[in-house]
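Please find the structures below.
Next come two complexes, and both contain chain A; in the first it sits with chain B, in the second with chain C.
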Partner chain A sequence: MIAHVGRSAVAGIKAVGRFGQFVSDMVRALSDVATWGRLTPVQMRRVGVDSLPVALFIAAFTGVVLALQASYTFTGTVPLYFVGTLVGKTMMLELGPVLAGLALAGRVGASMAAELGTMRVTEQVDALETLAYDPQSYLVVPRVLAGTAMFPVIVALAILTGILTGWLASLLLLDLSTQEFIKGLKLFYRFKDTWFGLFKSATFGFTITLVGCIVGLGTRGGAEGVGRSTMQAVVYSAVLLLMLDAFWAMVLLR
Partner chain B sequence: MRRENEFAVGVVVIAAFGVVVAGALWLSGAHLGRTEAVYTARFRTVGGLSVGDPVVLRGVRVGRVEAIRLAPGNWVEAALKIYAGVTPPAKPAVVAAPASLFGEWAATLISREPAPSDPNVRQALDEALAAGAGKWPGATLPDIGQLTAQASRIATDIAAVANRVQTAFDTEAVAELRRAIREFGQIADRLATVANEQADVLGSVGTKLRQGSEVLGKAATNLQTTLGRVDSATNQGQLLTILNNSAATSANLRSASQDARDLLAAAHRSQESMVRVLVSADSVFSRISNRSGTLGLLVSDSTLYRETTLTMIQLRQLLSDIQANPRKYFTFSVF
Partner chain C sequence: MIQFQDLHKAFDGKQVLTGFTLDVKDGETLVIIGYSGSGKSVALKHVVGLLHPDAGDVTVDGRAVSTLDRPSLAALRREIGFVFQFAALFDSLNVADNVRLGLERRGLPADEIAERVREALALVDLTGTDDRYPAELSGGMRKRVGIARAIALRPRYMLYDEPTTGLDPVTSAVMDRLMVRTREHLGVTGVVVTHDMRSAYTVGDRIAMLYEGRVRQVGTVEEIRQTEDPVVRQFIEGRPS
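== the complex of A and B ==
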């Protein structure tokens, strides 16, 4: 029992150490702009543009559900134009970044962990090192930069989609006019709502891609290890994303 | 392939950037390219007013609250950004008040001429104005929470009064009240009956009044006829004769009246004598009744009566004896 606790503690410390070492290597690799500069647009395309349909699909249905649930909740004393307030605030502050983040954690994080894990178990990473390529600047930095840069872009478009579908749902399914919806949307709007959601989504992108790279490059044990790394990347990303969400809410919204 | 990636990424990034910038500007109500004037309003407290809240003039949004900061002298200053083309009132003041029941606040521009009817607002504006020129005076209305708290206090007081009323208004009081109400109902029934009867009487009176009115009408007609006759009699000097005769009759009546008054005075005096006689008689009869005095004794004492009767008899006998034998009692001599 005591030995088990000791092993766990040592493993935890090693993990933290590896994480620190990994991050420091990545920061050092930022100086190799020639390498990651030409690879980053490719990753931005894969992480950002190719992920748009999933994120927008989720945001579209989220907007509809928010509008309907808000109208269901507000029946009574609360005016119906608060549907616009709730749809806008919720999409900007919470559901837009978090749902898009969770969806991309599954798509982007898992794909990165699987790709890098396969490269690791098939010794392609070792080959890169043999050819004097820095795996950090060649594999990690483009992905992390792409995730950090493109997540706010995806989330911004997801927020817009969610608000638009919420407006359409209010217009078609609820007894709410466009003017009333816009009145509610603008009622309590602060610019902080916008930058808070986008900043949060950038940290989500950074975390998801970083976790995918760390778990992928740490893969051991062949195909089974790749599968395990993929699962771990999704789980770790989702958990860290929700922890970050709470952290930023406590830091920035209090 | 590389160019294609860059193009796709560029399109998405530009689209997202455009969405964010345009959306933020639209939602915050910013007016790009238009000069906006900034005015400062001075409040004691701004209540729930916050940065970004609308500035309203006669119900129309004309700006927004740009900043709120503490100022020396326990004041709070709010910077109000007013849209270009909006002319504030000549003597402007700002009233911060809740715009709805859901926490929305607005800064409403008003004119100090005429002065606001609310005395608290007027006092706050005067105080802010007295603190110095150059800044618009501001007042703050209580928010819904304060009003609700006040209403809660009133409700508590009403509940206390209700409890006291309930304590005083027990079952017995209720029974008495019910009885009183029942009796009041009976009284009301009686009053209704009386009122109906009185209505009948009044109806009858009205009928009689109508009849009397008709009689008076006839009398008036007769009087008019009489006056006509008088008028015709006046023409022949008969009225003068009648008046002369009436004057003589009146003099006679005055003389007769004087005689009657004398007669009445004499009768009055006789009445007074009679009263005195009656009082004396009453005194005499009282003494007789009380068996005092000679007559009383005579009335009440039979011995005296018998002795008196006997004396009378003896006197008669003596008189008879004197008549029969005068020489026995009287002696006449001449020289």
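== the complex of A and C ==
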């Protein structure tokens, strides 16, 4: 029992040490602009354009459901234009960033872990090193920068889509006028609502891509190892994303 | 000159190299033979700093690899071409881009890069495959692209990790011929890790057998053929114990 606890503690300390070393190597690799500079736009396109349909799809249905649930909750007690308030606030502050983040943890984090894991077990990462490339500047920095830069863009579009579908649902299904919906939308709006959600999504993008890279490059043991890494990347990203979500709420919304 | 000096390496408590000592002279091709899992590839990866020794070191022209800082290690790697067991080509790049990648890192002008890519692919008889992707190539072709990627850099040293493993006898012979041709064209010092004795006899000037983590015997091709060491004899004759 004691030995087990000891081994777990040592493994935990080692993992923290490896994480610290990885992040420090990544920061050092930022000076190699010539390498990551030309690869980052490619990753931005992959992270951004390729992920957009999933994020917008989720946001579109979320907007409709939010409007209908708000109406169901408010009926008879709260003026119906508060539907606009609830749809706007919820999409901007929480559901836009978090739902898109969770979806992209599966879409982006898993694909990065699988890609880098395959490169690791087929010695492509070793080959990069023998060609005098630093895997951090060639593989990690472009992906993490792309994730950090593109997640807010994706989330912004997701928020807009959610609000748009919420408005359409209010208009078509709730007999709420556009003026009333916009009145509700503007009622408690603060600029912080916008930047909070986008800032949070940038940290989600950073975390999801960093986890994908760390787990992917740490892959051992062939196809089974790649499968394990892919699963781990999704689980770790999702857990960290939810913890970050609570952290930013505590730090920035109190 | 590459010198393996009392190299020790263990993985998860399992000792793989236990005092591996061997000199590779300038201009020669030295073949390291040994059973699967005996640590041949592990030894080779120490030369380019892909693995770090638990004790001992590898020196290349007097530079102790494990003590080099990042820029010095990158400079050393620019002098060494490494051909991986399964080629390790980049899936997302076509043949020409795979060969081009290392050249771009050296900051060469575009026309020189194009010329070197053309030359390297011609040397491995793969002219006209520029636009094909690794998934569209046979195992032998992939290994030849791996060689082209290494020789395009015009290295001083070539390291081959199991270059004929998984190939049919004819393609293996093609690979052997290619390794000899590379040496003749570029005058490189080579280290070949293999358990294919036909290949070892064809490409090697000297052969060293790695056994239980250290060198069991090293000698010219003829000396190895005539060896009386029972372990080496059993291996080169492929006799089960």
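Assume the second predicted complex is superposed on the first by the 254 of 254 C-alpha atoms of A that agree within 3 Å, B and C clash if a C-alpha of one lies under 4 Å from a C-alpha of the other, contacts with A are read in each partner's own complex, and residues count from 1 in each chain.
In the analysis below, a contact is a pair of C-beta atoms (placed from the backbone, for glycine too) under 8 Å apart; a residue touches a chain by one contact, two chains touch by 3 or more.
What you see is a predicted model, and the numbers here were worked out from it, not measured in a lab.
J.: Should A:G109 be classified as contacting the first partner (chain B), the second (chain C), both, or neither?
T.: Neither partner.
J.: For A:P41, using the defined touch cut-off, is the partner it touches chain B, chain C, both, or neither? Pick first, second, both or neither.
T.: Only chain B is touched by A:P41; chain C is not.
J.: After superposition on the shared chain, which partner residues are touched by A:T122: those of chain B (first), chain C (second), both, or neither?
T.: A:T122 sits against chain C, while chain B stays out of touch.
J.: Looking at chain A, does chain B or chain C touch a larger number of its residues?
T.: Higher number of touched chain A residues: B.
J.: Would you check which partner chain A:G205 touches, where first means chain B only, second means chain C only, and both and neither mean what they say?
T.: Neither partner.
J.: For A:V78 in the superposed arrangement: first (chain B), second (chain C), both or neither?
T.: It touches chain B, and chain C stays clear.
J.: In the overlaid three-chain picture, which partner chain does A:K186 touch, first (chain B) or second (chain C), both, or neither?
T.: first
J.: In the superposed arrangement, which partner chain does A:P135 touch: chain B (first), chain C (second), both, or neither?
T.: neither
J.: Help me check something: in the complex, which residues belonging to chain A touch chain C?
T.: Touch list, chain A to chain C: 118-119, 122-124, 126-127, 129-134.
J.: For chain B, which residues are in contact with chain A within the complex?
T.: 2, 5-6, 8-9, 12-13, 15-17, 19-20, 23-24, 27-29, 52, 100, 102, 104
J.: Sort out for me which residues of chain C touch chain A in the complex.
T.: Of all residues in chain C, those touching chain A are 45, 48-50, 70, 74-75, 77-78, 80-82, 84-86, 88-91, 101-102, 105-106, 149, 153.
J.: Over in the complex, which chain A residues touch chain B? Could you list them?
T.: On the chain A side, the touching residues are 38, 41-42, 44-45, 48-49, 52, 78-79, 82, 88, 149-150, 152-154, 156-157, 160, 185-191, 194, 198.
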